[in-house]
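Next come two complexes built around subunit A: one with subunit B, the other with subunit C.
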Partner chain A sequence: MPTVGPRSGDAIFAKVERVNAELFTLTYGAIVRQLLTDLEDVEEVNKQLDQMGYNIGTRLIDEFLAKANISRCVDFKETAEMIAKVGFKMFLGVTASVTNWDIEGTCCNMVLEENPLVDFVELPDTCQGLYYCNVLCGVIRGALEMVSMKTEVTWVRDVLRGDDSYELQVKLLKQVPEEYPYKDDE
Partner chain B sequence: MIGVGKAKQYSNVLDKPLSKGKQEVSLSAFSFLFSELVQYNQTQVDNIAELERRLEDAGYSVGARVLELLCHREKGNRRETRLLGILSFVHSTVWKVLFGKVADSLEKGTEHEDEYMISEKELLVNRFISIPKDMGTFNCGAFVAGIVRGVLDGAGFPAVVTAHFVPVEGQQRPRTTILIKFAEEERSETGLSSLHIPALLSSNLVQFIWSRWRSWLLQSTFHLLDTLSFPIYTVSSLTCE
Partner chain C sequence: MQFFGGSDVSPSPPAPTAAGHNANVMYMFNRNGVCLFYREWNRPLRTLNPQQDHKLMFGLLFSLKSLTAKMDPTSVDRGNLGVPQLPGQGCSFHSFRTNTYKLSFMESPSGIKIILVTDPRTGDLREALKYIYSLYVEYVAKNPLYDPGTPIR
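Let's look at the complex of A and B:
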């Protein structure tokens, strides 16, 4: 079976420029706090975080494809593995494991081993409905949409909400056939 | 998959051991996030000054936390109580942790006794930012200015901190100068060098008592310029106003 590219993002992560994770963590915290103050509603904040993630995802995919040196993934399973092992590593320096595949191979869970977003974080009582890391859902959704996959990404477990791990569910809704934006008659 | 991804549970975030601060994420991850911060705030304002103020506020909350974190981790629960001490702390310790390097320079303004400048050839947050013409003097460094203000304020040295682009001869991109103007009463050294207040006691009450006490001690001020452990350059004039 031909290999499609690196099985881990370690080498790429070692090559890219990096910054202290605490700057990243605290900046993210500042964003969430600002949203909570502005929007005053936890649901709205979840939505906005997801939207921000989506914006990031649609741009981040370019860098991923340019640097990860991978060829086309044959199926969604491989895509998910690639995100977990290469994608997370390349940008956040952590890896995730993919579990709980459904029979059709269109829905799986990703368990994050570490999560740099949540250092120093504790949710106060007033924010119990907050998906603090919702930005990650948006990133995956946005990035996959740019490679013709409509997905739905949700948190199923969150340590900040009392669970024992960080776990995302990624569900493939449909594969959009590739359309060329340019017209032939030009 | 038992044991995979099991994050250890702590009943309280304070029970969790403090990280060593050696973890890293990619610069692009930070830059993407920062750009979202700027873009989101752009939707919330209708002028540049307001946008800078909001970025500064975001930075302030980072600075306040950085101060506590670093005093605890790097300084053995001690906090600088001298003006030049805290400036050097910002210029070296804070910069090193947040941006991976000591700031390019720390200078004292000559026209005004109470002004200091931290300059950086290429500020991390400005690396991938180009300002559209119609946004005039807008500088994303306002976020970093906010961090500096957060650190200084938390340490008891309130200041007005702003970020400016300063053109450099022979360079295409301007450098960024963080201008620090201390509030009136902070102008001279406090002489409190032998007294250290644990950083983690920075509750409002302690701050209050401390600032009272300091203003009393201010009467016995003296110059500490010659005891500096870092170079302070004096520049002829402020170019960045």
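Let's look at the complex of A and C:
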């Protein structure tokens, strides 16, 4: 039987179960606020958000692969396009655009026009070093690690810090081939 | 699970029906070789203890995958057998059949492998394996109490 091609982000987004956007935004805001109260140090909170994102990412990848029905991407460029067009659309309902490829094709930037996590949010002066959406960096890093790509994801521009849009930089560090986990003797 | 039932142990095994009531054994592995799930409905002959059995199965599939990718006649030469491969290169096999059973295999890009051993007359099970994978996602990956990398209970 002919294989079904990858489904577009819109089609999947229409089919998955959704929660209220405001509920999602407010819940996330409550998490960040609680972390700030518990940890008090902004750098610690950034790290913690990244770690939480990483844990989410490692599980999210299976859902993404199952719903989007894609086979392996041939190279990193395709991977980045997948994340931006299908991934973001499927899970957050927004699309990102991929820009700024470097010469080797291992580093790109993803620009998000709108970001549902930051509706209603303002950063006070005491938290100026906070990357509010650091969880997204962790998610991408975790998900890509489960498909054998070690990456580094950071924020380049952040509206809460005064820039005009959200821009993430995704850099591929290396591709890790699968290894046989057992030792050679029985 | 209504989808798979046990097959009867009778002198002449019933032919597989359209509904597919003929799975014998099912395994699920993650990328590190941990057997996440094992279920048998009909396995008259048991030769190894479970750990050895899992290791053997995982090793077999890992090697088969490697072999089929390296022996691919349609792609450019990719290096000798034994060189670790990046995921995404080469073809992957999806089933093999002997005179007594058929083994179907699916691997997701994230390394989750699903194996189904059935009656040899069974047709192509790729859709069924995809369905199982989506069940896994729905109930296991989304379960907050599940620790990734441990066997599913």
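Basically, the second predicted complex is superposed on the first by the 171 of 186 C-alpha atoms of A that agree within 3 Å, B and C clash if a C-alpha of one lies under 4 Å from a C-alpha of the other, contacts with A are read in each partner's own complex, and residues count from 1 in each chain.
The rule we apply is simple: a contact is a pair of C-beta atoms (placed from the backbone, for glycine too) under 8 Å apart; a residue touches a chain by one contact, two chains touch by 3 or more.
What you are looking at is a predicted structure, and each value in this text was computed from that prediction instead of being measured.
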### Query
Which of the two partners, first being subunit B and second being subunit C, lies in contact with A:Phe13: first, second, both, or neither?
first
### Task
Could you look at A:Phe91 and tell me whether it touches subunit B, subunit C, both or neither (first, second, both, neither)?
first
### Message
A:Pro116 in the overlay: touching subunit B, subunit C, both, or neither? Say first, second, both or neither.
### Response
first
#### Entry: First (subunit B), second (subunit C), both or neither touched by A:Met146
second
### Query
Touching A:Thr27, do we find subunit B (first), subunit C (second), both, or neither?
first
### Message
Which partner chains sit in contact with A:Pro177 here, subunit B, subunit C, both or neither? Use first/second/both/neither.
### Response
second
### Query
Taking the contacts subunit A makes with subunit B in one complex and with subunit C in the other, which residues are shared?
59-60, 63
#### Entry: Contact footprint of subunit B on subunit A as seen in their complex
13, 16-24, 26-31, 33-35, 38, 48, 52, 55-56, 59-60, 63, 90-93, 96-97, 99, 111-116, 119-122, 135, 159, 164-167
### Summary
Listed in rising order, subunit C residues that touch subunit A in their complex are 31-33, 52, 55, 58-59, 62, 84-88, 108-112, 124, 127, 130, 133-134, 136-137, 141-142, 148
### Summary
subunit C partner, complex, touching residues on subunit A are 1, 58-63, 65-67, 69-74, 146-148, 175, 177-182, 186
### Task
Spell out the residues on subunit B that touch subunit A in their complex, using ranges where they run on.
1, 4-7, 9, 12-13, 19, 21, 23-30, 32-34, 36-37, 39-41, 44, 54, 57-59, 61-62, 65-66, 69, 97-100, 124
